[in-house]
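Listed below are the structures to be examined.
Shared chain: subunit A. Partners: subunit B in the first complex, subunit C in the second.
Let's turn to the complex of A and B:
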């Protein structure tokens, strides 16, 4: 198709408009992704000048690396634990916050606050709460339970971080659900009441199906967020004790920026990307986002 | 099926917003009752109070001698059809209709039989597996009615069910609902703002304004014997004309307003009621259909000649609505209905007479009908 000079002029103007974001995107997003993929086939060490091509060697090595396998396991446990609970909690919170309650604005703010607080700050607060003489153990002592040092105990560290993450993200997702809930016409609930539905049946038969598009969105974002969990791990446990909280992102970080094995780290990041891609695809297939 | 009785029903929002100011209505078994009034008059609130969706602030509500004030909607044995249909968008037509029965733990075969019967009556049999969004407005409204039907409730409630449909479909559904009422012999309470819908459908009409019940009567009685100026103006289309004037006494009583002047014959029996108004202002009401062109109508008993000047003529097919003013009263427009074979033109001056058996008078202050 041949463009007239006026069309050409218009196209040039249009490209000018998107040029700036395009450059930013290209330099900081597209290029790093392609470059990471590229260096995953090299033994790319920041401190060594020689960066030989090694083919799939990094990938083979990863699957024999015990720590990497643990990090996959930890990431999956983390995701399976966090996503369903945070989604359900967000929905329930939104449902409650959608009722005409006294102090509703205060509670909405209170639940949303963790989402706008820096994750480093919330992590440090929770390091204190989870410590041996911390708040959690104090509360437990009130009911006669002697708590452990939650973050240095390999049996509890991952779960402690999971709990923190559920707390911080469910308020954030609550807002999404709240928007979804508010778009459900009140008359549906009235019709259900007349049809004989009690509060639980209204929630289960009307609310849950009606917010399905939001649920889809929340689960996708939740999944991606969980697979990529890094900051809380970095601040609270540094992957320890004995790798019990090493997740895939943290493994990538360690190898790339602590051990300077960028090629190896990039390979693990590529695998993580494939896992996220696969999980999202599965979800799209088995839990469609269909809106009504 | 059931009687419904409203005794001094009141609805107060917050501290001092009174939506319903004491409604007394008695609805007989199998009756089709229409609640009608302009928007904000409280008709939907009243219906929702009967449904149990709005709390009753004061007064008593009985369904079949049982006081139901404190019963939840599901225990009142009522079904409701909403203005926006309120169909469950994630369920098929079958499931929409079956939902109430499932919740009430009916047997599967029973549910299937009832839904299929209702679908048959409403012509929905081939759509049972569709979702609401795959259906037209009219079909959705049928599903909403079907959902009420399968429950076989004591009372059917309709909240402006036809206002989302186009004019043609509205007329069609109006007839269908009426037919359904005959077929089911059910008690139905129907809310509308459309007085034509009210007139054509109701056995009994409750006219509301500002939370007050203005009149409860049969459609024809409302039309012929409105209790006050509001009902007179609300029922009938085009609306009744109102002309302010006073009563004077010469040989007989006369109504006078500017150059308009006509005698009120003694034999009509209005004199007793009008005498207290001699020399005082009152409002005279006459319907557009009871004004006749003197040159064309001679079978009716008409008043003396009056000169009117036509402003605009609206032909609507079989008839025309002619808007006019009386000589000397250019700022007030009235309507007069004529057969469309008489092709009047704007600015035409014609002589008309009022059907003297159809004269209505209202108190200026209270707006209550005097005669």
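Let's turn to the complex of A and C:
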């Protein structure tokens, strides 16, 4: 396509406008990604001048590293547990919040609040809730159950953090669904009512298919967020106890910044990137946003 | 039309240009810099006061104190890697072997020998050794803190105990006597002792039992009989229900459990004293040297001043370090007892040998050892995980240690002998 001189001039102006953000993006996002890929082939210790090229040695070592394999398992368990529940919960919450309820504004705010609260703050609050004499165990004791210390029990720590994440993010995605719901024409519901559909049927046969593009968006963002989970782990469990909450990004952080092995950490970050890429590709293939 | 557009071009260019210009004006000053971590406001205040003492002596030597409020080791690593490290910084004894093996620290031997009044023999040998690598001195210890035993006087009195634990058997016996279920509901509400699944807490018992994390010949000692025996004794206190853990009580750390009277005895160090004073001012407590095993031993934590190899201000930095670890500077820093002086002469000058509390620390210095190994931080992490498996999942101690032995051997520091 040939641009007229006016169009060319407009394009130039447009580039001028985005030039600075583009430079920022290049320097702080694009370059680091390429550079991480580059150093993953080196034994890269920031503090040692000699940074030998090791080829694929970091990658080979990773797949023999017990802790790394555990971190892959934990990350997948975390994602498989969190994404479906938070998506469904967000949709149900949005559906309820879309009805004409008393105090609707209050509930919308209450559900959205965790999403705008700093994850460090919510994590610390949940550290207290999950502690042995904490709120959760108090509630359990009312129904006669003696709880454990949720974050130092290797059997429960990961699930406790998953529950926290579901709570914080479902409110956030609720807003996305709410926007989607409000764009569904009311006439569809009216037609369904005339045909005798109850609320349950309306939800499954109209709401769910109509918000499918939003669901796609929510699942993609949810997948990426879950695969990269870091702050909750860092604050609440530091990967412990017994590596039961070591996720891939926590493993990357530890090796890069605590164990002086930037190349090794970069290699694990690259593998994480490929896993995320693969998961998103699978989703696009089997659960496309427009199916009808 | 065209004019309108060129106005836009000018506007955007000016806008981004300003941002770029402001973004580039770096605040980096051309001054000698000194950095430390921040553990408490009172400690920072005291340290600043010591620096002010130096400024009064040498008003011409300009330098800047830049404390690093959080993630100290991560930040330091990045600064050293990008050659923006401060010219003097705190170095923790436990992580010193890594930094020393990487060859990024400035050896201080020449500077020390050029200062005739320095008197290296005045330092406690264990504190100096923590910062030696291949025969060179890479840091000078500013202070140390040994593990000692804190006991709650009232709880001892209540049970009519008028002696103190001097060996492992007595520690176990008294812990049992002090473990109580006062309201008879089948749940213990007072424990004799408190444990922690951390390697620093296990090591005093290992040293007392003649064991080692790393033997003098360099081999790993974590599956040797003395190590396993000590670990089993320490874990046994918890397993037998006469010691608790901070997590089980929902408190932040051992010192808090001790302050609340949840446990009658706790192993801790100098940093517990100001904490108790601030949070539990009415608590009646005493301090004892650790009960002994086959021999007396404790772990001492020590911190040094180090310089990066790349410093531009070697001589000026040395003047400051020379003051801070010299007799005057160290006296100014340690006189309140915030940490113990690493110079014997300063301990004497401060009167710590006769002080009711600090004399226990000075006594402990005689048999204290630093905890240091020639393994990377990843090795420590493996041990922490193994200890968590023992304390949280009841894994058999010997098995837990055998399972990680091969793994840890891989993390031997490069270049170490």
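Some points to look at:
Quick note on the criterion: the second predicted complex is superposed on the first by the 275 of 292 C-alpha atoms of A that agree within 3 Å, B and C clash if a C-alpha of one lies under 4 Å from a C-alpha of the other, contacts with A are read in each partner's own complex, and residues count from 1 in each chain.
What we mean here is this: contacts are C-beta pairs under 8 Å (C-beta built on N, C-alpha and C of every residue); 3 or more make two chains touch, one makes a residue touch a chain.
These numbers come from a predicted model, not from an experiment.
Superposition of the two structures on subunit A shows subunit C fitting alongside subunit B with no clash. When the shared chain is aligned, subunit B comes close enough to touch A:195, but subunit C does not. Computed from Cα centres after superposition, the angle at subunit A between subunit B and subunit C reads 150 degrees (steps of 10). Once the two complexes are laid over each other on the shared chain, residue contacts for A:20 go to subunit C alone; subunit B is not touched. Of the two partner chains placed by the overlay, only subunit C lies in contact with A:259; subunit B stays clear of it. When the two structures are aligned on the shared chain, A:240 is found in touch with subunit C, with no touch to subunit B.
In the superposition on chain A, the chain among subunit B and subunit C reaching more residues of subunit A is C.
By the touch criterion stated above, A:185 is placed in contact with subunit B alone, subunit C being left untouched. Closest contact between subunit B and subunit C, by C-alpha atoms in the overlaid model: 41 Å.
Taken in their complex, subunit A has these residues touching subunit B: 185, 187-188, 190-197, 201, 205-206, 209-210, 212, 292. Those residues of subunit A lying in contact with subunit C across their complex are 9, 13, 16-17, 19-20, 45-48, 66, 131-134, 149, 151-154, 240-243, 254-255, 257-261. Within the complex, the subunit C residues that touch subunit A are 5, 8-9, 12-13, 16, 19-20, 73-74, 77-78, 80-82, 98-99, 102-104, 247-250, 376-378, 381, 384-385, 388-389, 392-393, 407. Note for the complex: subunit B touches subunit A at residues 51-53, 72-74, 78-80, 82-84, 86-90, 99-100, 103-104, 131, 133, 147, 151.
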